[in-house]
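First chain A sits with chain B, and in the next complex the same chain sits with chain C.
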Partner chain A sequence: MTATTIPPVPLSRRVLPLVMLSPAVLVTLAIVFLPMAQAVWMSLHDYVLFRPKSFDFVGLKNFATALKDPVFWISLRHTVLWIAITVPAQMLLGLATALLLNQEFPWRGLARALVIIPWALPSVVIALMWVWIYDANYGVLNEFLLRMDLISTSIPWLANPDTALYAIILTLTWQGFPFFAVMILAGLQAIPRSYYEAAAIDGASKWQQFRNITLPGLAGVLMTATLLRLIWVANSIDVIFVMTGGGPGYSTYTLPLYAFINARTGLDYGYGSALAVCFTLLLLGFVILYLRRAGRNIG
Partner chain B sequence: MMVQNRSVVRRILTVDLPVALILLFTLAPYLWMALTSLTQENKLFTDGPSLVGATLENYTRLFRTVGFGSNLLDSFIVAGGTVVFGLALAVPAAYAFSRFRFRGRRLLMLQFLVINMFPLVLLILPLFILMRSFGLVDTYLALIIANSTVAIPFSVWMMTSYIDGIPRSLDEAAMTDGCSRFGALYRVVLPLCTPGIIATGVYIFITAWNEYLYALTLGGRNVKPITVAIQSLIGEYQVEWGLLTAGGIIGAMPATLLFLFVQKRLIAGMTQGAVKG
Partner chain C sequence: MTNKTKTRAFAAALLAGTALASAASAQNVNFWYHFDNADNPMSDLVEKFEAENPGITVTAENVPWNSYYDQLYTSIVAGTAPDAALVKLNALPRLIEMEALEPLDARLEGWEGLEEIQDNLLNLTAAADGTHYYLPVQYVVLYLYYRTDMFEELGLTPPATCDDFREAAKALTRDTDGDGRIDTYGFGFRGGKGGHDHWGSLVLSREGVGFGAGELTSDAGVAGTQFVLDLFQEDAVFPPSAPNDGFKEVIGAFQGGTTAMTIHHIGSSAGMVEALGDNVSAVPVPECGGGRWTSFGDESTAIFANAQDKEAAWKWISFLSSPENNAAFNVATGQLPVTKTDSANWTVHEQRFVDATIDSLPFAHLLPNVSETADFANTVWPVAMQRALIGELSAAEMNAEIDALYND
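Right, the complex of A and B next:
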């Protein structure tokens, strides 16, 4: 691998790719990495926006405060709950949808096109739509459940601390399952048909075919799609922010939302940044663990 | 004949019906919102949403009294600007990744992948402070730059996979025929990846159009994209669901139409990597 064994690369060929890359790289350095470093720096300071003069270095004080902050732990618990329910629910619903859409039926093309609509809608519209559906007095969900005799009185889904988080989880599941469906469908189509034919000749049942051909064939896609969704779901705060703003009480706070609210309404950028940094580290740790377990890299 | 009939019935029960149920789950909320937006406000609370006596009153009110027109314009400028800025930086970068092997290539590619994982909330606060010190808060430029934090890494990856799909032999042939490298890029590679550029551009547009938290934090007064406008309706007009849902339909329209228009190509591009990996 020394330079003498391979012919020297002309200078232009060595410089050109760097020239073509530099705008994108420099801009991302400036608008992503610099702000990120700044966030870490801010998290080590006492920095409240309406006291612009004070920017005192306090070391890890903000992080210590977080560990003693009951709202931090509530938010963390909700974040875990929120990911642990939403991602598997999206995945199972997406898997079922993909398996169905992989069958032959006359209107398959139309169904495939329509099923991904939630994916294209703005989160604000999704939030608004579901707030209207969940409305305690006029919402269609209460109306429907009352008519089916499943409940006896209207439930204020989003105003009730016991149901609010789950109501939002349902909304997010609805929004995200088409992504899984589309990814898994692509994965299904990459599995050679001959595998199934051979298995059928050997007398394998449908269930055995699913377990021994479909699931292993989908492993890569499931890993990648789950990882991407996990990151998106963990990070998403706009739907909750619009639907409940974290309330009632702290019942729909998640960690990134708590960081955002702290900075936005409290203008406490030091503590807000510390929470955001905590969350990022937790997420990063989880992603690394996941990739290790999965035993493979993406890309 | 009997056997065929029975298999059709079976297919309807095991495939068509479940698919219809899933579609109902997918589309019902959206259709319910559309129906609400067509119902007169005062009838909403007595009879509930209905197509009987459908009216566009909520929509006209939205543009006349709330001034949704200027919000739409703001969204178009921000989303369009993000597309131009994002593609201008991402296409050359993707070309370099796809056609050259150089030191640090993997590391740089990994960098663009890792950026996608950063929580927005980590960037919002410092970006706000940066924008404020440059006097950019509440300008189009601020929102275009902020949206680029998501758009650039994504489009670099999309475009790299599209350009990888164009055989190297084609631009090498053009270069042996006397084209310079830029000539080959301009005459061969760009025309061939136009569909990919369009799909990536549309995706950036949709994402920027739908974006809310940056728009709320970095814009809001002079520059007020449609998502922020819709959200602020919720606060101001607490119970006017007809007006609100009309806003939702209008706000979702451009992105949804564009999405249906390019979805095949877009999905092919996005799933390629996953399936190969």
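Right, the complex of A and C next:
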């Protein structure tokens, strides 16, 4: 038996995919990696925008300054709180909503459409709306709590350092839970009904069905959605910026916001870039996890 | 027509077209400004200017105030700055440092409208070395707004000193509808960005207190900031939202009756009268610790060093600071004209607010004309004031932070 030889793939066939992909790669390099490299390069310099002529290489000085900067550590602590509360809260609320919307009830289609509204609204609109809800003088939240006799005087939710960060977290939770709800709802519909029927015949309770069928069935969706949302929430500054601008004092500073304020308001692009690079490195673990997961799905 | 003639005609037309196109692009003035007002007169002014100056077109871009200077500085570095723009004095040192401005002295010398500009305004807006980069276009002076009906009801007179101010604020902080909750506060304090004017009136007025080395950290300086903190923390005469309150919140609270006094300028008087009628009036800010200090609010125009056609840009900005045009500009902004003719015929504001402005002029000041002032106004003061109000900094620590910014 003679071995059949596979004819060599012509050079044009081998090169063609690379040629077809190269525009996308070049665009990605230009609009994603070039600014990233520029940010890293700037973080190694003293670069204040209103002194454009002085662009001095200072090595890791900006990073050393960040580590000694108390506001950096305050912002980091707030960032951890911000992520650790917002993402699980969004996920739990999204899961509960998805389970509810997966039931048969009248007007279910309308309910599914309405639940998307917070997600569809621009962040700035949401932030302004919640500023009014929290308003110490006219806000409905204080009015409701006062009428229910739960508080005796209005609480300045956004002006009190003990409540400001959590008030914004609640806002972002409200804005972001529909993302989880929609993803989980799609995941729920992919679980075959026969699993539940078989489990019911075997005498499994609703809770046992949820724990042994629903949750494992949703694991992939939950993991991907959580990783994605984690990265988005960590980077989200628009809601904080509109609601408090980081105040009162440093009460609602997060690391991306601190980097933004340094670069955009203080015009200190060197230090601002160093803060952004620090934050990116901290977030890199989650990004790698997401990329590995996404890569596995494609494979 | 022969072929040769056709070719020549075509070449001539091409040349003429090119010349016209280059003339048109060279004669365009790209102008940046910021108006919050819904009633924006800029297109009318542009139309009038273009009719009077054939061949020059003006592209006027209304840039949002919140990011105005961020965008301006960025555009200068990127080489896409406008030809001319509306600018405030506290931006002057940075713009000079960036070598972004065109000196105006030579043009001012030959300008027929120079005599029309109100006395001293050009001195106030000159750079530290006396060079003029700015042409004034409007100005205001901050004063104390108060609710006449509330003062009458309690038998109070507008406060002349800080002690009067404190007593009045305490009396005015009350539960007016008997539901056990405070619904009117004595003073609407602006703890957010821009509130340094409120703080300045109560602190920088004190004898020997300013931005010089050790002046804010002196006993008088610290006492001034402590006075502000006590009003909030001990007397509770500011609304609880004061640490985060900005312009809209402070003005809204006063117009809505949540506060009985606040500090602002004539620019908001039309809205105040519309909301409160005769129940609002104004007086100069109180004398505190031996002196008075209020903020002079400026707005000028400038030509940028990279302007395509500086002569056209000058014609446009000098047009805005000329009689009639300056009045039209200020009717919309609600501020005061810089020309003598327009000032003499000014009937836009109620007289009591014009009087309060004029009475405040003798002790009106500008913040130091140095690069640090932008940081002071944008970040250092708001963050330090908020931290002091919520108890994270003492008065001495807050003043030390500002002192360090200016003097270290």
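Note that the second predicted complex is superposed on the first by the 265 of 299 C-alpha atoms of A that agree within 3 Å, B and C clash if a C-alpha of one lies under 4 Å from a C-alpha of the other, contacts with A are read in each partner's own complex, and residues count from 1 in each chain.
Rule of thumb we're sticking to: contacts are C-beta pairs under 8 Å (C-beta built on N, C-alpha and C of every residue); 3 or more make two chains touch, one makes a residue touch a chain.
Keep in mind that this is a model prediction, so the values were computed, not measured.
Asker: Where does A:F144 make contact in the superposed view: on chain B (first), on chain C (second), on both, or on neither?
Answerer: neither
Asker: In the overlaid three-chain picture, which partner chain does A:R264 touch, first (chain B) or second (chain C), both, or neither?
Answerer: Both partners, chain B and chain C.
Asker: Mind working out whether A:G220 is in touch with chain B, chain C, both or neither, as first, second, both or neither?
Answerer: first
Asker: Which partner does A:G249 reach: the first (chain B), the second (chain C), both, or neither?
Answerer: After superposition on chain A, A:G249 lies in contact with chain C alone.
Asker: Considering only the touch criterion stated at the top, classify A:W73 as touching first (chain B), second (chain C), both, or neither.
Answerer: Neither chain B nor chain C is touched by A:W73.
Asker: Spot which of chain B and chain C makes contact with more residues of chain A, would you?
Answerer: Result: the larger residue contact count on chain A belongs to B.
Asker: For A:F105, select first, second, both or neither according to whether it touches chain B, chain C, the two together, or no partner.
Answerer: First partner only, chain B.
Asker: Looking at chain A, which of its residues have contacts with both chain B and chain C?
Answerer: 135, 138, 264
Asker: Where on chain A does chain B make contact in their complex?
Answerer: Interface residues on the chain A side: 13-14, 16-18, 20-21, 23-25, 27-28, 31-32, 34-36, 38-39, 42, 93, 96-97, 100-101, 103-105, 107, 111, 113-125, 128-133, 135, 138, 140, 143, 174, 178, 182-183, 186-187, 190, 220-221, 224-225, 231, 234-235, 237-238, 241-242, 256-257, 259-260, 263-264, 269, 272-273, 276-277, 279-280, 283-284, 287, 296, 298-299.
Asker: Residue numbers of chain C touching chain A in their complex, please.
Answerer: Spelled out, the residues of chain C in touch with chain A are 67, 70, 73-74, 77, 94, 97-98, 180-182, 191-193, 239-245, 253, 256, 258, 371, 375, 378-379, 382-383, 386-387, 389-390, 392-393.
Asker: What does chain B use to touch chain A in their complex?
Answerer: 11, 15-16, 18-19, 22-23, 25-27, 29-30, 32-33, 36, 44-45, 48, 88-90, 92-93, 95-97, 99-100, 102, 105, 108-113, 115-127, 129-130, 145-146, 148-149, 152-153, 156, 181, 206, 209-210, 212-213, 217, 226-228, 230-231, 234, 241, 244-245, 247-248, 251-252, 255-256, 258-260, 263, 267, 270-275, 277
Asker: If you look only at chain A, which of its residues touch chain C in the complex?
Answerer: 49-52, 135-138, 146, 152-156, 158-161, 244-251, 261, 264-267
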